[in-house]
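In what follows, subunit A forms one complex with subunit B and a second complex with subunit C.
Right after this comes the complex of A and B.
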């Protein structure tokens, strides 16, 4: 264990992993409320276009992820705004295009930029290979997301209840949608950095979904989700670190897998906790 | 009637992609009045409510609140929309929904406040929702959800309460309870109520006046003035009969109308 915390790689992974997990869980609660997890997944896949192109352009991977993610959020907003019903379709169309471009860029990365591990890094994350120079950007983006959620907290809630109820109170419904897409894009691209574009929605949705089963209050749900997200990340990093040689040979289990499996386990456990809680409240009701 | 009406709708017309939805709709609502907005599906009830709320642009006419144009009258209108999809997993308690009616448009996270909590409790109790104040709103029955949404609309102390088909999808008993509740809170709080419905019968005991919509045109007055064969025949542009049975009213297309009544 002392070896675990003494490792510089681990310390950096824990720092970045904590920030990213907290932000993803926070945004995840609202994503589940607004039923936009599919949009989150699409943003992850489109972010991968930027993440994979980053190697060719010689820019940091996170900058590629975030640039493409924000661009994608903008496109989704413009295409989808024509008809509210069209949002799902618009997301789906852009979705496929993104994966195609990612395939092309990853191919070019290995052919020309000579980065053979680009595919693994973009698709499945690189928490143990993070450049310390990216930490200020991670921190800054985390602050931006938190500010958006804190400032527009009640707008997001009221709008997820009913767009009409929000509009009657002079809340700009379209602006609210855009602000949320930006927060969603940033949260997803930050997770893409740590656990990869393919898995990034796991950190977004699993902790939030588990938390929403456990409480009736949004504020508590956010705190529980952050706890589960950060806890999964720490436990995942520990498992990955300790797993060196478990299966024989000089390999650790992939850290992304370890984080995701812990978050998934938390979701399953929350399902067991719910009937227990319901039973207890029924007893309390009788008494 | 020297007092300024709470709501004045004057010559309002709405056309959507060339189709006339509302034509020359004119009526007034006085303070504390209970008014039914009656018409079949597609008559333009929701559009008219959206015009009053300022969510639907008009092609003609004006809407005024207590002599003031819309937009400045924030807080003047409370609104209960037709469909609020409340997911059973939504982590909002009934009291959270009511509190959002108080300050949902504000920025930042609300801080716990005794005054806010007392106000929410008062509203929950006045709509008979105290028993399920802490339940997830999505797990409540249709009638219970209506009560919570009515409290949400009333907490900002509006002078006018608009409800879009609040009786749809309710069983007969809840329907009656909601109508009685609206009449009571309207009286107690001096709030005028404008409620849309396709059936006027549940409202007959409490309705002060009626606005009858057919094919985008409106007739307003007391129930006795409006619900007559001659008036409704003129409104629909075809023969309509009004049958009265035991204090209930049945509006049916006349027998010589080969096309039948357009529901």
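Right after this comes the complex of A and C.
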């Protein structure tokens, strides 16, 4: 264990992982409340376009992720599909095209830029391969997301629960939607950096969904979700660090895999609490 | 372009297109784009796992895609569907990443699984693709009426004694099978685009399923053929052209009808 905490790589991974997991869990609670899992996932995959293009252009990967994510959020807002609910064909098509572009860029990366591991790095990420120089940017973006959520907390809460109610209370519904989409894009792209574009949905959804099964109060749910998210990240990093040589291979298990599995286990475990709570409060559970 | 080593690709591509056009129609009708996006990821994990164990990749893909389909449809019954789908998706993808890292594959092979390649189809692989394609087509034809009713009017279907839950499990497995056969050609991340693009475009032209389904199959065939040709000529990944084709087709359809709808209103 002392080896674990002494390693510089691990310290960096824990630092970045904690920031990102907390931000993702915070935004994730609202994402689950608004039933925008598909939108969150689409933003992550579209961010991969930027992440893969970054190798070609020689800019930092995070800049590529965030740029493409914000752009994609803008497009989704303009096309008027901010309430996607997993049903909209237009999102599907836009986001299919995004994946196609990712394929193209990744192919060009391997062919021309000579980065043969671009595909793995963009899609599945690795906390152990993070450049220390990116930490200030990660921290700054995390603060931005937190500020957005804290300042507009009431708006988000009411608008997520009922758009009509929000409109009656003179909350600018459309602006709230845009603000939320920006926060969502930032959170998703940050987690794309740590566990990879296609897996970032795990940090966004799993802790939040688990927390919302444990409590109905959104404030509590956010705290629990952050706890689960950060806990999953730490445990995942530890498992990955210790796993060298398990199952005979001369590799350690990918850190992204470990984090995803721990977060998923947390979600499954939270299911045990649901029947208990339902019996106690006699409220039909929707989550 | 039509030489010996590409013949298998043309045949496999055509079968994939027919099945995608057919199954995809119901994907769009039922609004299960997210499911169609998630299951191919399971196939990816299965292929990676099977390669690791030295088994036939198509076996692994089948097991994982169908397993994923059953998980999503049974867990989604009690819980929230989109959350369960999202989580199943990332767990399957993450397992794929684990298998790949354990097996120390070259990243080119990973890339082929995720984004497809046209040179990947051997004669031995062709047979399972044809068989799975036939199974999917027969399944849709047999269950056509209840599936249609349960997709459009779930309450009425339930009133007629059709088990909507049973049908949604059946449908999820169907998407899983369609996915399994397509991954070697189109790739795990991009099959989704073929399942959604052509049917969505076809439904713009006709609401009648008996017209929209053939149209959707036709669109899918054109996209796949054009993509194989383009990928051969440019040596860029085939999946890129498939998604581009789907997007252009759907965009053109939307644009055409937007203009057509404005004209009589102005007159």
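Here is the rule we go by: the second predicted complex is superposed on the first by the 267 of 287 C-alpha atoms of A that agree within 3 Å, B and C clash if a C-alpha of one lies under 4 Å from a C-alpha of the other, contacts with A are read in each partner's own complex, and residues count from 1 in each chain.
In this text, contacts are C-beta pairs under 8 Å (C-beta built on N, C-alpha and C of every residue); 3 or more make two chains touch, one makes a residue touch a chain.
Only a predicted model underlies this, so the values are computations on that prediction, with no experimental measurement involved.
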item: Combined model on subunit A where subunit B meets subunit C, clash or fit; value: fit
item: Where the C-alpha centre of subunit A sits as vertex, the angle toward subunit B and subunit C in the overlay (nearest 10 degrees); value: 90
item: Contacts of A:76 with subunit B and subunit C, given as first, second, both or neither; value: neither
item: Touching partner for A:110 - first (subunit B), second (subunit C), both, neither; value: second
item: Broader residue contact with subunit A after superposition on the shared chain, subunit B or subunit C; value: C
item: Touching partner for A:152 - first (subunit B), second (subunit C), both, neither; value: first
item: Which of subunit B and subunit C A:99 touches, first, second, both or neither; value: second
item: Touching partner for A:201 - first (subunit B), second (subunit C), both, neither; value: second
item: Touching partner for A:33 - first (subunit B), second (subunit C), both, neither; value: first
item: First, second, both or neither for A:221, with subunit B first and subunit C second; value: first
item: Touched partner set for A:164, first subunit B, second subunit C, both or neither; value: first
item: Nearest Cα pair across subunit B and subunit C, whole Å; value: 9
item: Footprint overlap on subunit A, where subunit B in one structure and subunit C in the other make contact; value: 32, 35
item: Residues of subunit A that touch subunit C when the two form their complex; value: 32, 35, 37-38, 40-41, 85-89, 91-94, 96-97, 99-104, 106-107, 110, 116-117, 119-120, 123-124, 196, 198-199, 201-202, 205-206, 209, 247, 249, 251, 253-254, 256-257, 260-261, 264, 267, 271, 286-287
item: Partner subunit A, residues of subunit C touching it in the complex; value: 28, 31-34, 37, 41, 79-83, 85-87, 89-91, 93-95, 97-98, 100-102, 104, 107-108, 110-111, 114-115, 187, 189-190, 192-193, 196-197, 200, 236-237, 239-244, 246-247, 250-251
item: Touch list for subunit A against partner subunit B, complex; value: 29, 32-33, 35, 150-155, 157-158, 160-162, 164-171, 212-213, 215-221
item: Subunit A contact footprint on subunit B (complex, rising order); value: 53, 55, 74, 77, 79, 81, 84-87, 89-93, 96-97, 100, 103-110, 134-136, 152
